[in-house]
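Following are the structures in question.
One chain, chain A, appears in both complexes that follow, with chain B as partner in the first and chain C in the second.
Entry: the complex of A and B
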């Protein structure tokens, strides 16, 4: 396993570096400046502000300093939230986002794997057909549609749950559901196809012939190979959850990373946007890495 | 697939024709009917918070969304076909290097790359579709490359090579026309993805800008007013979902037909 880990890290680290480099260069060629305002700024003041933020140095020096700072977890000052560093904003938003994303991932896995198993047990049965319809609908509905619609029905009309804001577990119910739905749909599809194929394999037939209890056959023998495509979907799922969270946090007014990201993008808060993008890229690469490790656990042939 | 094609045609026709028939433009304000409820005479779906007719806005928004989607999908088609064809045709190390680039780009959180592009270069419709097209070409490149690799071995290609035709000529005359079927099938699958990305960006305020409108903006505005005017949320949501589902159906149908 270490070999595969090293091989993956060897591509993950340059990718992360490319993300940093790309976003750094893009931000520097961007027209306009964070110091632009309604009235032209006095050149002396502008020069002083550029010096304060280190923007008067040559590009390679700026890049080097930025990289060194990132390595210590310092993403620089936010240009818009004047009293905050980007790291402080991330530290505030990350727990909310992790909670939201973690719960959504858990719900998606439970719903998706459960639905997929239920469907694969009786191919063509009514459960199978309803799971299939539900999952294709869940995949096609973007989170910026499900979010407001769920809020309208369950928060405004039925008044079961709060519309927005963060306060207690009930305020997370709708966001988690809205975020989990598309991932759950995709997981259900993958599990359904994978399990149907696994159930037709020789080792499963043998296990059945030996009289092993049906539940045990599925859990021990058929499910692990069937879950391999699901695990390889983990990377894209993480990306999907992160992008979904950007919308969901905006819709439900949750003070997470995604909201800071959108605010930063709308306000051209370069350091904030870069910090969040680098963090997101790192998270997605991490999830891909976890997926690779899970492969070895599920499929003995990869362990080698 | 027929139902999907009819749905798509109906949505596209309504989006094209309604703005020509209706008396209001998408940015016209009816001062006498601000926040009019649905079924008000003259405003079948009512008006929004500044008195703009909702029906015409949905039609124009659908138009913009479709136009952006088509344009971005074409950008993806051109870049993807060029990249994939060159990689597949040359093969060897060049192929390896070019496909590595594709793999690396796959690992990027592309939605965030588009957002960064929007932040950097300002928010304009032109950039929205260039940006989306620039990140949606990856799968197209893979599809076309695989096609080119198999076509390269086919007798008619070998024959024209033996007859002394030059590489670029073979590529453009014999190979690319034969990849067209797969490329078009995949193009149809790219369009709904682009529709989603565009609506996502516009929903966040990072895509199409007012006074222009798009389905994403309409969903966003509808969500703001959903307690007073649920239709303002429901109608654009419905059109968007119907559009995406229909496009996906058609794309998948085409792909199956190509594979068969």
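Entry: the complex of A and C
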């Protein structure tokens, strides 16, 4: 356990560095600048602004400066949202995204694993077939379809929940459901397939021969190995959910992190994009580490 | 006193008759053995009444007077708890993510029994002959050897105090020494009145441990009687065939071809592996081992599981790692595999234990056999290749009608013949048999051994046979090398070594036969 942690941290630092380097260079290679707008800017003013933000320096110098700054935790100022630092923007958007993504993740895992187990209890039964159809549908429908449809039905027609904006727990219900559905569908399918394979294994027959009740056989003996593909899928998916779902945030008017990412990229707001990319990469590394630790718990053989 | 009685048991699956009018009984404290070739219905007869096999049987099966047939899963579960079950594959039959202690506690308390404390569980492990039982409670199954896992299986199967133990080939995945040790453990449990239903195709083993033998063939019982009487004076042809096929060390030595010029010489072979885990270490699997093999000669490497026999043979055949030592082929050094040319790769071809696993399930038999030809003799054209495939299929007595089949359509013995044909296709000078008959039942294994003997004579093929079964060595090989803890402790002509074993390892193996 400590060995894997140390090894993972040792590889995480060069990985993060490579991500920073690549995204820094890619952003600069892309045409356009943060100061482009409808009206052409006076060259003198443009030069002054570039000097103020250090963009007139050669690229290696800019990169060196940026690396030195992030090492001290300073992600720089936003070039577009004047008077805001990148850290401040992330601090505003991240809690909303974390709430939305965390709840969606929880709901997706519960619905998906629960649905998968319910299907596996009676293979080919009506529950199994309904779960299979529902999960295919959930995976196939993009969230820019389910989001507006949910808003239309539950907010506009039935008026049970608010249409958009952030205000109290009720405003999160629809976005969380819309965000969770495709993930829940994928988890249900992975769980069901994994369980079908696990239930055919010898140790499950041994457990049945011991006179253990069917539900307990599934949950205790068959489920852990069946969850390994689910964990591999949920690791990166969790990082994506938590760092902001652009479409859902836009449809439901939530001030999360996703829109900063998109707007930052469109506006060439270099520091903002870099900040969000580093956060995203860090979360990916973190969730992959958690997934690896979970593998060891689900199947002690991988611990060696 | 009859503990478990099966009468008029029949079973149909998808219109095919699997069992017909099967009947047998197990006495309290007795051991009834079901024997027969694979596919004769012995496993089904054991598990179908308990709802642990496909299909719904008809007839009657009464355990302590309670009828099992015709009950649904809910009603059957409490009755199932009056029996304990041990399965064939110790490697896969335990849940990998639960510790031994957790599984033992669960077995003991599955149907409302009290959860045993650690001391009681350690006592259960001690009873089945596991060393250091207290520490084993916290281990996961994959940390234990095959024999240890099978002991854990028996402990779990008897933890809740069942009246009947059903054991399906409990020892056929284990080496000869372990077989008797495991059955001795089961024998001791019988002293407390436990009845045992044992499934086996190993007649010498059954003769020593069972008191009643039921012979099955094609889903029917053909003979039933006291073990000694059935084995010494078999009344039925099926039983006589089973007994004749069981390899025996006291049968006259076979007529083996005279060895020719020296072919392989291995000297000072050493192979080590890194041990996994937090504390790294090295495990010396083979140390300073060497042997010679001549044209047309067969050498058996025997030893218990983990003694390094496969590692040595694979190092010599350049199929596995080899840290140091030299292999000479007709006096010339054989390079490591990466630097071998096609001519050198052709020299020795392997046949592995599990034929089903060593053939690609999506390929036809012809494709599998043609593959070494494609790689090792690239100049051969399609017509010549097809002709060669047909010829080797004839050589292994299958014939060309098998060419278009896939492994799923073959029996175990047929699949092993295909694997042998594949090994022979490119005309090797030697073949490596890695437990090539131990996954097959006695009748099939006997026929494969006979085939190998004929090929040895007709092709003047050198054979390196890895086995834990001395009878295989006796039937096929000129010389015997005995391995223990990575070293060759004894090497010499088979009859001589079997008559007067010098090493402790060989003495144990001979005694276990």
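By definition in this document, the second predicted complex is superposed on the first by the 269 of 304 C-alpha atoms of A that agree within 3 Å, B and C clash if a C-alpha of one lies under 4 Å from a C-alpha of the other, contacts with A are read in each partner's own complex, and residues count from 1 in each chain.
By our rule, a residue touches a chain if its C-beta (ideal position, glycine included) is under 8 Å from a C-beta of that chain, and two chains touch if they have at least 3 such contacts.
The structure displayed is predicted, hence computed values, not measured ones.
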| item | value |
| --- | --- |
| Which superposed partner A:280 touches (first chain B, second chain C, both, neither) | first |
| First (chain B), second (chain C), both or neither touched by A:151 | first |
| Partner chain(s) touched by A:224 [first = chain B, second = chain C, both, neither] | second |
| Chain B versus chain C as contact partner of A:266, first or second or both or neither | first |
| Partner chain(s) touched by A:212 [first = chain B, second = chain C, both, neither] | second |
| Partner chain in contact with A:202 - chain B first, chain C second, else both or neither | second |
| If touched residues of chain A are counted for chain B and for chain C, the larger one | B |
| Of chain C, residues touching chain A in the complex | 50, 52, 73, 77-78, 80-81, 84-85, 87, 89, 92-98, 106-107, 110-111, 140, 142, 153, 156-157, 160, 276-278 |
| Residues of chain B that touch chain A when the two form their complex | 103-104, 107-109, 111-113, 115-122, 196, 199-200, 203-206, 216, 219-220, 222-223, 226-227, 230, 233-234, 237, 240-241, 244-245, 248 |
| Complex interface listing, chain A residues touching chain B | 11-12, 14-15, 18-19, 22-23, 26-27, 29-32, 140-142, 144-145, 147-149, 151-152, 156, 235, 239, 242-243, 246-247, 250-251, 261-262, 264-266, 268, 270, 273, 276-277, 280-281, 284-285, 288 |
| Complex contact set, residues of chain A against chain C | 3, 201-214, 220-221, 224-225, 297-301, 303-304 |
